[in-house]
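Here it is, the structure in full.
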Amino acid sequence: MSEIDAADALVISTDPLHPANLIPELCASFYRLGWVTGTGGGICIRTGDKVYIAPSGVQKERIEPGHIFVLPYPQPSSPSPHTDRIFLRRPKLNLKESACTPLFWNAFEQRDAGSCIHTHSQNAVMATLLWEGDMFEISHQMIKGVRKGGNGPTLSYLDTLKVPIIANTPNEEDLKDSMAEAMEKHPDAAAILVRRHGIYVWGDDWQKAKTQTECLDYLFEIAVKMKLAGIPTVLNDQ
Amino acid sequence: MSEIDAADALVISTDPLHPANLIPELCASFYRLGWVTGTGGGICIRTGDKVYIAPSGVQKERIEPGHIFVLPYPQPSSPSPHTDRIFLRRPKLNLKESACTPLFWNAFEQRDAGSCIHTHSQNAVMATLLWEGDMFEISHQMIKGVRKGGNGPTLSYLDTLKVPIIANTPNEEDLKDSMAEAMEKHPDAAAILVRRHGIYVWGDDWQKAKTQTECLDYLFEIAVKMKLAGIPTVLNDQ
Amino acid sequence: MSEIDAADALVISTDPLHPANLIPELCASFYRLGWVTGTGGGICIRTGDKVYIAPSGVQKERIEPGHIFVLPYPQPSSPSPHTDRIFLRRPKLNLKESACTPLFWNAFEQRDAGSCIHTHSQNAVMATLLWEGDMFEISHQMIKGVRKGGNGPTLSYLDTLKVPIIANTPNEEDLKDSMAEAMEKHPDAAAILVRRHGIYVWGDDWQKAKTQTECLDYLFEIAVKMKLAGIPTVLNDQ
Amino acid sequence: MSEIDAADALVISTDPLHPANLIPELCASFYRLGWVTGTGGGICIRTGDKVYIAPSGVQKERIEPGHIFVLPYPQPSSPSPHTDRIFLRRPKLNLKESACTPLFWNAFEQRDAGSCIHTHSQNAVMATLLWEGDMFEISHQMIKGVRKGGNGPTLSYLDTLKVPIIANTPNEEDLKDSMAEAMEKHPDAAAILVRRHGIYVWGDDWQKAKTQTECLDYLFEIAVKMKLAGIPTVLNDQ
């Protein structure tokens, strides 16, 4: 087997749960949910020392396993726009890896995540518009699918879910530092909202990252409806 | 055939209408309806002396027949968090049965139900927020798909549909007593709403439980739209 | 071939466009559109002297060709709750023909329709709630997919679309006379709305009935949004 | 191979990315998005000197490759209702080419587009109702999937997206001149909105036309929500 064949072998598998098969399937399902409309958003999966990442700027419901990038983890230095990345496998097509790569890396490095999802969900964006401060908050809803810090124990119905909101930047990569800072300042945060843009959610594995993204999106949807109907989204128990 | 094989045989069938095949299919369709987002909700089916139940905390659109629990009905004592349950078959994976089990049991014991469905539908949750008392009410809509008590004759267009609303608890199991009490107090109730959480709906069989859940969800959706548009949801004929 | 086999042969065909195959497929697609939730609604197809009708009170997304009723057209007397109907073929299961049958017959007799569709669409129902009189009206929208009377020339962008609204009755069959009366009084009407219930739409064939139902539903949806946003739905050109 | 066979060969291919296969697939997916309800809307694809166009007034989710028209590009004179068009291939059925043909031609001639999409999206129509002037505007949202002029560099988060709105006409073809004029007056416009009707979006190829249509539709959706919630859609940075 030639060197190039060995690299391609990293994305060839008959197992539907192999990351190179899962990423296309999950992206197509996120498309149907309205999370990755028009090439935006996506998911990455890390299995120990390998990171599988979708290409940038492509139709997310039409990704094929052959389009997937594989990077070693950790990288000699954390990915940034100013660092040349090292790849184990790159698609032969003229594709670039997802612009979210440095942001996904935050989730790996700061939360030991096995997967990170980025959506442009309208529910998330509306939440960042209706919550004007730097924190989205909701309580007394079905928040128990969300884990403290994204990788800890699940929240209780009696907790208040808080998701930090950071400002957007023209280039996705430039969110790296402010996202990292928000994650460090709020160790219990299970996700980071980006105002007028979307959300980053992570988890121990793709299943947890996905179900937490669904829970959070559900909560943003109900919270926006409550806010517009004049119903408070946080209750005090005492 | 070994003892374990005999247990597994309970969930292996080529009949698409076998409960072990139906539950995965129906859960996937509930996922597309937004009823079981992020592992929440599900359906159980009882065929005489056997109860088929999905696992807890898993992606509901990805259940497989091999994930299904089978319990004998009746149990020596009614399932509760404080009782060890008896199983006819448990998945080999490290799964726990649905946390809704004791609530499903209410529907079997109090209404002789053949199936019970739990959703986190946004329409149901919004209804519990906009109807502040302990009863959701609507009249003069297509309520005739709903049966009195969930297992009796269908309602008429001229009846008023009433669905009791109970308070939520941090742990799903702890809803057992208040749900049972509401069912006893309101023998005509076809379902129980749980404020800030969702709904439990039952029926003589899975078809009736499913179509009644659809009817009710349709009614919550239109009722919420009416309420927000300032249209009364109950009319007096006389 | 026995007599019974001959009757069953009326619903057995390998042609996907045969009415007995089309009705299940179209009902499943109407289910996905939210038009026939919880057993409500449906479609009938008439090909010359035969009428194909779905059963009543069943899950509309799970109909099979073997569930289809075939009636001769015309019937000795127009179908009503007080007339025994004549069938060319009935399913062996314990099913009853759609309760809409007498209403579908109105469309055949008064407009020579080849197909009639009934939906419980929330857009249609909301339109009947927000338009309090006996007529829904909209102009200056994409109404040109709708035909005058349902079977005539298409409307122009400069016309005003008017859809009569009749009152609901507890039993579907009892709408027959008021629907017939509204169709006679408004020969240009392409459909009849039933307040707090839904809509009946017909066309020369199933394609026209379906595309007109889609156009009308689209118009109800935009009209409801416009009304709630305070935008007038009828403009005067002069 | 006879002359007729040669023409039909233009729409027969086993390649799923052949325009005659893509147009049916994309139209079906636009149907699911609610963009081409009830025969309205569609997509055309130009590959160098050949233009592939769907038929007019048919169910857009049921198009087959054999329904596709093929026209040479350029035509001796630009297509208009007053010009006989030249075809390389016409379906044998009694079909007419899309009424959008002269409007698609604007995109080819003025922007050298490889594809043009027309939708009746409710988001686009609501935007034309809530923005009463001749320009839709939004800033500080995910506009970077949209290209200047539809074929230039992508916009930046800090730009303001402007989409011209032209008045509707009873016949689709009669929009040709006002659309051409708006495109000439606004060389940076990536699309043209038609008030109370829909939108035309183009791109270098079908992928870019489609992803730009998705981005724009997403922006109309969020803009309408913002407007109705009283949130300004354009911010001034300085």
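Each chain gets a letter, A, B, C and D, in the order it is written, and its residues are counted from 1.
Convention: contacts are C-beta pairs under 8 Å (C-beta built on N, C-alpha and C of every residue); 3 or more make two chains touch, one makes a residue touch a chain.
Computed from a prediction, not measured in an experiment: that's the story for all the values here.
Asks: Working from the CA atoms, figure out how many degrees chain C turns to land on chain D, in steps of 5.
Replies: 90
Asks: If you take the mean of the Cα atoms for each chain, which one ends up farthest from chain A?
Replies: C
Asks: What's the call on chain B versus chain C, same or different interface residues, using the half cut on shared numbers?
Replies: Different; most numbers are used by only one of chain B and chain C.
Asks: For chain A and chain D, what's the span in angstrom between their mean Cα positions?
Replies: It comes to 32 Å between the two C-alpha centres.
Asks: Using CA atom averages as chain centres, what separation in Å is found between chain B and chain D?
Replies: 45
Asks: Residues of chain D touching 2+ other chains?
Replies: none
Asks: Which of the chains are touching one another, listed as pairs?
Replies: A-B, A-D, B-C, C-D
Asks: Residues of chain C touching chain D in their complex?
Replies: It is residues 140-142, 144-145, 156-158, 207, 210-215, 217-218, 221-222, 225-226, 229, 231 of chain C that touch chain D.
Asks: In the complex, go through chain B and note every residue touching chain A.
Replies: 37-40, 59, 120, 122, 125-126, 129-130, 168-170, 196-198, 228
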